[in-house]
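One structure is given below, encoded as structure tokens.
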């Protein structure tokens, strides 16, 4: 589980509640880098096994649907920020050097979240990233951002031999999980489905959502003949254009 | 006609009712391989001229529409299974070696049903298959399975010179039949249209459905100038991309 | 104007009514080739300047919309057929040799109508055709027939240097005319729009429809800078894929 | 701001009202070239810093929506034309030589508006154009004209090293601006959004529309990491086909 820095319980409280769970902590580069550093060290001290640094948020996207719905989330209940008062603005001047710097300050692995191109994946890895999380921020930052599943292959091709690559965004079924794994993701993350389960029936709902995804993935693996996750390969998926090319090859015979 | 192993009349009763009909028998690899063997031998003894072994069913797909419709088919009326009591689970551990084994136990040809890629067609043929039936199980096993007509050409290209290749799935008109034949299928199979005819007006309805398909195929063959099935070739169909390429070639002159 | 062999007035009566008009006559290869020959000679004698031989009608297509609408056109008012009694079945055994034969029997040019591939255009021309009319019979013969505009370029590329190529099917505006001319058609024909005009307001309606098409063609020619029909070239149209390729070329710089 | 020659206030009055504003003046080649020349000289004298010569209007397009809506704009309130009486017909015989001629008569730069192909951009520049405005006249001249964003790359590739290239047509959000800049436009122009703002709330509405576009562009630049307009490059946009190609490359590994 990755805990958002915007959680209403402190990262320490969450860790204390589930000390055995494999937990990662998500944070930003803040305008005040000391806030970044303090949060990272708190997470490390509290037993989180990785930091997930979100890099696609130099400014919040223009979310017209929020304006239309008169939705204005308050930051007041973001407990992790309480120690820092109002000095918690997310940096709009972060550079790749911030990754190198943060990496040098912590012992736990640093995952860079919000990468959508091979070029940026290369820069992140060369700056010290231990892993890449291909993400378009749930499609909420930029209306015309690419689908993460489309961006995944070129990123895996670029850095997949050097580090693990993950994906989030649009994962709604076990079939989606399967496709991402087939195209080189080491794991996928889900956000909204978990919220839907929570709204439906609390923690039981969250558990159900995860079980559904697991059951669906298990089913498609059985039907496609993949007995292990490692045996899911690019040859298990096709893009429509492949069939057009196969048809051309067929006709030319 | 291919008789499903799940038929409500025994394979022997069906054969006795239509002794002259060219009949094939469909079965699975069962967890208890003796069930598989006994069924195969019964079919052979009863005059079936081929076995159709379905290989895309190591587990039943997650059919949410069935859950929504509260549709839970019972296996109680599947007469072919009665001799085996409850020991009729379909194998989830079948391998290509099962094809080689079954082939060695019977004299009638072995058709492998449920192939969707050239790679699997190659493995099936090398394992002893006498023919390949390209099928996605009527689209019911896996929501994102490819259309059989799209998968057909690469399979014909791979094994078409060594054995016959058939197709089912989505065949709803004589035009669909024609396209499959043009892309290398030796024959096609239909499932749901037959059921629709049956529901509409019993055996007369089934007969009408088949006559409609025959009439439509005959008409398109006449209009395309194909006087025999053998004269239906890949040059009788096009994919849209062909025209784009032709236009490029035209513009470059 | 091309007169259909199924007209309710005889070809002689039509010609007598408009002796100065440039008229072509459309006919089929009939089972009784003497009917074909007699019709061809009558047209020639009556002053028609070309024969348009339709070759996509060895059988009538399965027109389910006609069945649904309970539309069963009678042949009783087809005046051109009256001399031949009931011996007017359209041939289902015509071959390319029939073109060579008919060509040898008449002095006026022979246009072959109903060609949709480069291969058939080549055969038609080699059999004696003076011109090719790319047509899918208004889309009424075969539901999955290609659009004539898509089929046109490969046909022009194949025989365009040897004879004139025309097009019908789907021509509904001056833009459609322009596109066909740009892709190599020497002229286009229209059917249904003329009928719509006729139903709307008789001969005035037909005149209006033709004037609208003329006005639209004139307008697009002016806007695209084509001062003559001959100056309309392939470079005046694009397929969407061209822009994708241009974008790739741009990005690679 | 580019002032239309069809404005209801004279170009002199507009300039007097906003003497410091960077203003361009749009005009046509008129049948009477003296009208063209006089207008151009008036604009130059009144402080306009460039002429925008529209070349996609040898005739007005067939605007059926205007006919349906009974919309017949009168030219009576077009104040810039008053000095010329009724002698203001737009030329239908303009050639590239008119550009060379007009260029020779004025000191301010000459922008050619209405270019949609690389060929025409080349001819315009070779005839003396100082800049190219890629435009399809808001889609109003020809129903099947290409999107300007699709036509832009080949034009930039052809003349982008020799002159500035601009774009209008379909610019409705900051994302549209960003894409045009990424594909090589030096600037974009907007028409209808300005009218919408004007109708909504007069000059305040126009101001709001421009502020919205600016805010959106600023936001996407921040999120994509472009700190200056010059840093927006082709690598910041993708066409879907890129991802298909990336997937093929990935699968071939």
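We call the chains A, B, C and D, going by the order they appear; numbering starts again at 1 in every chain.
The rule we apply is simple: a residue touches a chain if its C-beta (ideal position, glycine included) is under 8 Å from a C-beta of that chain, and two chains touch if they have at least 3 such contacts.
It should be emphasised that the depicted structure is a prediction, and the values quoted were computed from it without experimental measurement.
Enquirer: Upon optimal superposition of chain C on chain D over Cα atoms, what rotation angle is obtained, reported to the nearest 5 degrees?
Expert: Rotating chain C by 90 degrees superposes it on chain D.
Enquirer: Check the residue numbers that chain A and chain B use where they touch, and answer same if over half are used by both copies, otherwise different.
Expert: Mostly different residues form this interface, as fewer than half of the numbers used are common to both chains.
Enquirer: When the C-alpha atoms of chain B and chain C are each averaged to a single point, how far apart are the two points in Å?
Expert: It comes to 42 Å between the two C-alpha centres.
Enquirer: Could you give the separation in Å between the centres of chain B and chain D, each centre being the mean of its C-alpha atoms?
Expert: The answer is 59 Å.
Enquirer: For chain D, jot down the residues that touch at least 2 other chains.
Expert: 235
Enquirer: Indicate which of the five shapes (line, ring, star, complete, other) describes how the chains touch one another.
Expert: Topology of touching chains reads as a ring, each chain with two neighbours.
Enquirer: So, with touch as defined above, which chain pairs make the list?
Expert: A-B, A-D, B-C, C-D
Enquirer: Considering the complex alone, what residue numbers of chain D touch chain C?
Expert: Going through chain D, the ones touching chain C are 56, 58-59, 61-62, 92, 117, 119, 141-144, 146, 150-151, 153-154, 156-157, 183-184, 234-235, 239, 241-242.
Enquirer: Chain C touches which residues of chain B in the complex?
Expert: 175, 179, 215-216, 219-220, 222-225, 235, 238, 240, 243-244, 246-251, 253
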